[in-house]
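The same chain A turns up in both complexes below, where it pairs with chain B and then with chain C.
Here is the complex of A and B:
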């Protein structure tokens, strides 16, 4: 799906728990998600920290969309400074 | 570790006044067997039915088929660990088995309540579906059983599998003290050191991530199904049922794992074509990239430490589990271990690869066919004269329609021949 959207000229970021697989299958902007069961959050953190963690993943994805890439590239929310 | 396997062929199963095996005929005292199952207070209803190969009969819903086996000499019991059985290490001494018969667990108990994962298997004893499934060539002693509906999901799973094991143990006990008509010695003798050293990597699905269950359904290792680092088995342990359990495809049930042709061929050609080192069992369906890669790395490291020069990899599931399987192959190849992958394939709609992540290191793949009955164009299955189990079956993509089990019925959705049992062929054009 990611590849097809990009083929139409729309930059796409894919949040994936299995991020290396997303990269080997040709997604260009891959954002490291948490786990397959909860890709964009972590219920273990409690509501407040889970929200902040989810926000960081989504913001990383938005930053990825604004970044020029040459090929499959990983964006790790853990490496992104708090906004 | 030396195991003598005594085989008692079964050419006919019939109800009679006592339970016994003689000259290939297994006689069953039906009421005594039902009483035995009903001794478990968790069981609400129980029936025992016989299905004959070639008969116009459909068995639904099928959760498992178990080959009756029993320890005659040596420590432990067969099918260890599952349903609270002893976990003593098995694989030594002497085991007897009834060949050509399966104890079939027939129950409406579903695997778990997390959704999307239903018991979908039925068996036909004649017709096109029977020709595709190895267990349709067996006589079936069907244990049609329902638990107390007040039990929790895990207790229901445990109770109905225990019922099938109780019957399996009871039938196998008929040949415990008899002289086996056929015997085979299984032993990893020292062999010519020039022979290539080969390990079997058997990947087994874990239901833990999706259901939370640690032990009550799916193929177990000594009773456990949880996500665990790789195990190392002597093949004799597997012959005694150390890997066993009910499962959601016919090709990964207890009977199929116990009769796995990959294991048996690797074993029988030990000392002839290779030096068979043993079996690494790898649990699959880890849920992060790190976990999947870690299991691949550790499995390959273990294979290397065992001295493997070659590895044969099978798996028993689908979906994201492919990642740890294919990356295990990649990790082995990177350590110089030549690796062969036996697998079924997805359809090739729209030119997509038939495998989830086709890595270049996986360059020796043996396909057992497509895993969807839809891709295989299995026809609607014809009506049958008799049904064992439930009279209706949910059908349709949402399982919201009930059809008479007697048919006609759409085939079960999945075929996936994980261990290369089938005799399907194909024409390339």
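Here is the complex of A and C:
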């Protein structure tokens, strides 16, 4: 589905915990999510840190949308600089 | 079957020895026996078959005057009554390959078994699927002998009306036709034999070919995020609480879109997940985990993005056939494109 949206020229970031699989299927901008059951955050961290973590994932995804790529590329929130 | 098989070959103007591009508009003509590159075909038939006639047509004519050309071809085949028709080999030539495919379809319609030869990437292959038998060749006419030899093997079987086995054994490109039959050894034995072969560097034939997913050209990046409208899509199975739309939990054939124009966040009171592929209870407590609306609203409030597209799209992405996902993705893509959305976040579980 990501590829169909991308095909019409809309940059799309796919946020997924199974990020390697997302890259194999050909999604160009892949963002590493936390876990399948809670992709954009982690309830184990407590409310404040959970939200901060989710925000970091979303910021990483938006950074991916602003980045030119040649093919499937992984954007890992752990490696993104603090906004 | 008494006597040699009667073979007709179809060639374009070049391989028929008439001329090049300048004569690509020549109409279909018949010549007796093997002509042009067909002269290499006759010896390969080794007395088991005879090229009784060659049909030659310009690559432009057969496309521009398709119906007329195929009508003449059908007439000729009805008069000649061949046992089999060979079209090409066309190698990489797109127009020629497409012509060969059309000729084979017309021949089959007239009751004459037919096959074509061309490179696997020739557009004639796609247009021939699933009805036309195509023998793969290299891209280069320098390999004419090899190509013809491969075509002859299959042509003789077709001409004798013998039943064909699987594509990989008979030497034609798979057409997506699946026939069940009983294999000689049980599955575990075949699997172990395959593994042993793989580990010792021996050749083996997979029973489950992996299809490489298509690549799509990356869309250009967003130049100014502060002016961008971002859309949200999820395959995490987000539904309104109680699932009033009655979305399914797997193998979805449709998605639902919901308006979030008035919402700052997805609350557990109004939303939940219904997706049989993962443990839904955590998302049920905070649906933003699979559709990060709260975060985007936060950023919108800070002016980091211009806005969130008011429609969100959801389905349970489990047991979804690729073709369905593609169709649903294309539908959503068109809506987003019409709405001039600048970017999209898609959360997959």
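In this section, the second predicted complex is superposed on the first by the 83 of 83 C-alpha atoms of A that agree within 3 Å, B and C clash if a C-alpha of one lies under 4 Å from a C-alpha of the other, contacts with A are read in each partner's own complex, and residues count from 1 in each chain.
Going forward, contacts are C-beta pairs under 8 Å (C-beta built on N, C-alpha and C of every residue); 3 or more make two chains touch, one makes a residue touch a chain.
What you are looking at is a predicted structure, and each value in this text was computed from that prediction instead of being measured.
Participant: Overlaying the two complexes on chain A, which is it for chain B and chain C: clash or fit?
Facilitator: Here the two partners, once superposed via chain A, clash with each other.
Participant: Which of the two partners, first being chain B and second being chain C, lies in contact with A:2: first, second, both, or neither?
Facilitator: second
Participant: Determine, under the contact definition given at the top, whether A:77 touches first (chain B), second (chain C), both, or neither.
Facilitator: neither
Participant: For A:69, select first, second, both or neither according to whether it touches chain B, chain C, the two together, or no partner.
Facilitator: second
Participant: So which one touches more of the residues on chain A, chain B or chain C?
Facilitator: In the superposed model, C touches more residues of chain A.
Participant: A:14 in the overlay: touching chain B, chain C, both, or neither? Say first, second, both or neither.
Facilitator: second
Participant: Would you check which partner chain A:37 touches, where first means chain B only, second means chain C only, and both and neither mean what they say?
Facilitator: Touch status of A:37: both partners.
Participant: Given the touch rule stated above, what does A:28 touch, chain B (first), chain C (second), both, or neither?
Facilitator: second
Participant: Which chain A residues contact chain B in one complex and chain C in the other?
Facilitator: In chain A, positions 17-18, 24-25, 36-37 sit in both the chain B and chain C interfaces.
Participant: Would you tell me which residues of chain A are touching chain B in their complex?
Facilitator: 17-21, 24-25, 32, 34-37
Participant: Using the touch definition up top, name the residues of chain A that touch chain C in the complex.
Facilitator: Chain A residues touching chain C: 1-18, 22, 24-26, 28-29, 33, 36-41, 43, 54-55, 57-59, 61-62, 65-71.
Participant: What residues of chain B sit close enough to touch chain A in their complex?
Facilitator: 209, 287-289, 292-293, 320, 323, 356-357, 359
Participant: Quick one: in the complex, what on chain C touches chain A?
Facilitator: Listed in rising order, the residues of chain C that touch chain A are 213-223, 225, 228, 230-231, 233, 235-236, 278-280, 282-283, 285-286, 288-290, 292, 294-296, 298-299, 304-305, 317, 325-326, 328-330, 332-334, 336-337, 341-349.
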